[in-house]
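Next, two complexes with chain A in common: one pairs it with chain B, the other with chain C.
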Partner chain A sequence: MTRFIMTRVARAVLTIAMVVTFAFVVLRASGDPARAMLSPETSADAVEAFRKAWGLDAPLWVQYVKYLLAVVHGDLGQSMRDGRTAATVVAERIPVTLMLTAPALALNLLLGIPAGIYAALKRDSFTDRLVMMVTVAGFTVPSFVLGLVLVLAFAVELPWFPSGGAGSVRHMVLPVVTLGLGGAAVLARFTRSAMLEVLGQAYIRTASAKGVPWRRVVTGHALPNAAIPVLTIVGLMVGNLIAGTVLVESVFSWPGIGSLLVVSVVSRDLAVVQCILLLVAAAMIATNLAVDLLYGMFDPRLRDTRSAGGA
Partner chain B sequence: MTLAGQADQMTPLLEITGLQVAFDEAPVLWGINLSLSRGEALGMVGESGCGKSVTWLAALGLLGSRARTAGSVRFAGQELLHAPARHLEHVRGRRIAMIFQDPTSALNPVRTVGDQIGESLQLHRGMDRRSALSEARRLLDQVGIPDATRRLGAYPHEFSGGQNQRVMIAMALAGQPDVLIADEPTTALDVTIQAQILELLQEIQRERGMALVLISHDLGVVAEICERVLVLYAGHIIEEAPAVRLFDHPTHPYTRGLVGALPNLDGPRRRLAAIPGVVPSPADLPPGCPFAPRCDLRTDRCGECTVELTSVDDNADHRIACLHVTGQRCNDETVAA
Partner chain C sequence: MAEMSAGQMSFAHVKKKRVLRWRNVAVQGAIAWLALMLVIAILADRLAPYDYAALDLRHRLAAPIGFGGHVSHLFGTDELGRDLLARLLISIRMSLFIAFGATLIGACLGTTLGFLAAHFRGWVEQVILACVDFQASMPFLVLALAVLAFVGNSLLLFVALLGLHGWERYARVTRALAMSANTQGYVVAVRQLGAGPCRLYLRHILPNIASTLIVTMTLAFPDIILLESGLSFLGLGVQPPLTSLGNMVGYGRDYLTRAPWILVPSSLIISLTTLSISLVGDWLRDRMDKTLS
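The block that comes next holds the complex of A and B.
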């Protein structure tokens, strides 16, 4: 188990190092932060002064090493736009974004998984076909299209919800639905096929043959097995959710991390962009780790390969 | 013996009549008739796909919604076919238990062995979790799993195939059933393990006076353990006889081929495959005798008549379905009689 954790930590550190390097190189290769930050009329001297002030005049590798050292010491740099530390700027947006992603994830799980289970249990019934049709629509329509359609329908035609901004629960509804539906559709389809696969297994027949009532065959034998592949998808979906957040926040002008990222990239606010990417990488790593630990809980076959040897 | 006791001996414990099964309109069983007495060991042999498993899965209502079933399966006086789920749940595991070919995939991989045996005990013997676990330990011990206390908490992937089959047997015994259906219980196991498992089954059957249905490809195995044997071919029973007699006087041309193909009882066991031709799929059988395309004795009549199980030489317990050997007349000729 310790070895398992050690390799995981090493992998996580490596991943973060790669993300940091990639972001550093791409951001600097794709435009001059001084030009992006300052207005076009700024004098050459002023631009030079800005460069010096932010250390942009040093060779790239010097900047890189400096940056790495700072990161290792927990210093993520300062925002060029408003002078506060990047960590502060990003941190104040975290709860705003979580107000979208947390309910969206809940919508994914609470809608997708039961729908998939139900469809599998009622295979080929009218309900099954209906669920499958809806989910095809749900995952073929890109989320920004869905967002725009929802705005047209429920903000413009029927003025039930605001078309953008934040501030009340009513502001949350459209973005959360936009963000949550696609994932729910994917999860419903996946849960359905995982359930069908499991329901066809010999041990399900064994459970029925020994007199277990069907309801308990489903809850006690099928679901715990189907949970294993579904868990994988849930892990992947967290990544999708993060990507979706950037889009949805832009569509609905939601002042979260996604909007901050877009603004910071456009203005080449390097420290903030890097800080956000680090946060995203950390979130993905944490998710993967959680998924792996849950695997061990759900699947005893994985448990002993990890405890090196085992019984 | 009381009168009721005698009646009990007379009427079969389980009786299947005219059992037909079709998947998506393709027939798989064409009308199986068989009966099983209390404590009897009945063998069923036949090539792969002839309907051995389907017979018992249908009897217990385990075939799922794609299967159409007709006929009757009476157990202890009650109809099982199309019976309500609640009634079936009371019979499955409790009165009729079943074990399967590949024991490792027949056990739930994410639940401990003790838990899975315990589940049967809780269902059928009204035990609570604790007493179920201690009884499960006793059962594991009885089926020959060493170190039962520790093994209760192990998962199926931590056992060998043979041990998993022992676990399956322990689980089947948990409900103290009247009938154990063993569907090719040793096919997936090593030869030495096969013998041990068969020995265990035989021992348990004798000790508990339980009826045993042993399904197998292997005539030799069946002959060793069973008193009576049914031979299936493409969804039909084509011969039925006491095991000894089946070996000494195999009568149906198909069975004769099978027995002839057996090397010798003490020699290495072989699967049934030595008859020329292939088994037709039960769905597209020729009219008349199902064996006709592969039969040496075939005449035109064989393709025209419905062939029924008929006693051989006034031997009531030896019956075969063959026009020529029994001298049976065509049904269609005997309508008037």
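The block that comes next holds the complex of A and C.
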């Protein structure tokens, strides 16, 4: 178990290091941030002063080392737009975004998994076909299109919900549904195929043959075995959810991390973008770790043997 | 099967057949749609009734025909009076061009790295696998946003960037298949005959794993279309005056209630095209390669 945790931690540190380096390479080496931040008419002296103030005049590797040291000390720099630390700017958006992603993830799981299990158990029935058709629509329609359709239907035609902004529970409904439905569709398809795979196994036939009631076969034999591949996909879905949040927040003008990322990208606010990249990486690492620990819960075989290089 | 009564068997048979027939119709429809898109993409500038950037200020936000519009603008016009049919056709070309280009780049890059990993093993393989893990663990949209904003935005760069999406799938598949091919008779034989690594991988192993790679490509293609349209929707992808499907949805959103005809056709085309490619991809996978799932 210790070895398992050690390898996971090493991987996590490596991923964070890669994100930090990626951010530095892409964001610093790709253009002159001073020119991008200041208006074209700014005098050469002012540009030089700006460079000095932000440490952009030092050689790249010096900047890199300084940057690494700063990140290690938890200093993620200042937002170039309003002068506050990037960490503060990002941190105040985290709860706002979680207000969307947490219910959306719950919706994914509560809708997707039961739908997939049901479809698999009623294979080739009308319900199965219906569920599969809906899910195909669910993951070929881009989230921003789905969001706009919902706005058109439930904010414009039927004025039940506000079309954008934040503030009340009613504001949350449309963005959460938009985020939730797409993920639920992916999850339903995947759960269905995982269940079908398991239901075709010999041990299911054995269990039925020795007279175990079907309900027990499903809950005691099929579901725990189907849980492992489904768990893997849930881990990957968190990434999709984060990407989806960027688009959905933009559609509904939701003032979360996603909108902040788009605004910071447009205004080339280096520190904030880096901070968000790190936050996303940390979220992904935490998810993967949680998934790995849950594997052990669902499959006792993986508890001890899963030492090196899983994932 | 022996203890199944004849009636049961034929019932199951008929049901399976019906499902298959239904699926065939869907796949044929999908192929027809993709063929149409391809024709449009090739002939876009000949089919377009106007230049896609030509203004017609007297007919701004004109409705499409059938919704109170005029024959001169079949699909209506946008806020500057630009003909939406022309824009739609050019957008289809642009989106498909980007998706094709990006898929090819991703496939070439991933396959090459997969071969390198399989050939050199050792630390080369470890580095490539670490990159694969990194790529798979970060949501690509977020990485792409960071790159786009800071490197600036040109069409070529955009295509190259989207090409980085999904390379890890090809790298994984290629590495695994090349490693198993390396132990097979034909590869051992070719190597004994003195073929160099380039010849070995490109002339002998590549053709043998091509079907799997093609299936991987059809599975990656819709993702790239969605990614491109998402980024363009945010205003960070294809830049005006150029236009793409996501772009049209993006600026159509500002006219959601006044002129829904700007974004409805492009949204439909994005959805139908990704749906069609997914259907064809699944079908190809079942026919050519059952190992991918």
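Keep this in mind: the second predicted complex is superposed on the first by the 299 of 311 C-alpha atoms of A that agree within 3 Å, B and C clash if a C-alpha of one lies under 4 Å from a C-alpha of the other, contacts with A are read in each partner's own complex, and residues count from 1 in each chain.
FYI, contacts are C-beta pairs under 8 Å (C-beta built on N, C-alpha and C of every residue); 3 or more make two chains touch, one makes a residue touch a chain.
All of these numbers come straight from a predicted model, not from anything done at the bench.
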item: First, second, both or neither for A:H221, with chain B first and chain C second; value: first
item: First, second, both or neither for A:F298, with chain B first and chain C second; value: first
item: Broader residue contact with chain A after superposition on the shared chain, chain B or chain C; value: C
item: Partner chain in contact with A:V266 - chain B first, chain C second, else both or neither; value: second
item: Chain B versus chain C as contact partner of A:V9, first or second or both or neither; value: neither
item: Which superposed partner A:A53 touches (first chain B, second chain C, both, neither); value: neither
item: First, second, both or neither for A:L69, with chain B first and chain C second; value: neither
item: First (chain B), second (chain C), both or neither touched by A:T206; value: first
item: Chain A residues contacted in one complex by chain B, in the other by chain C; value: 311
item: Residues of chain B defined as touching chain A within the complex; value: 57, 60, 62, 85, 89-94, 97-98, 100, 102, 105-112, 119-120, 123-124, 154-155, 157-158, 168, 171-172, 174-175
item: Interface residues, chain C side, partner chain A - complex; value: 15, 19, 130, 133-134, 137-143, 145-152, 222, 226, 229-230, 233-236, 249, 253, 256-257, 260, 263, 267, 270-272, 274-275, 278, 293
item: Touching residues (chain side chain A, partner chain C) in the complex; value: 11, 14-15, 18-19, 22-23, 26-27, 30-31, 124, 136-137, 140-145, 148-149, 151-152, 156, 193, 239-240, 242-243, 246-247, 250-251, 261-262, 264-266, 268, 270, 273, 276-277, 280-281, 284-285, 288, 311
item: Contact footprint of chain B on chain A as seen in their complex; value: 201-203, 205-214, 220-221, 224-225, 228, 298-301, 304, 311
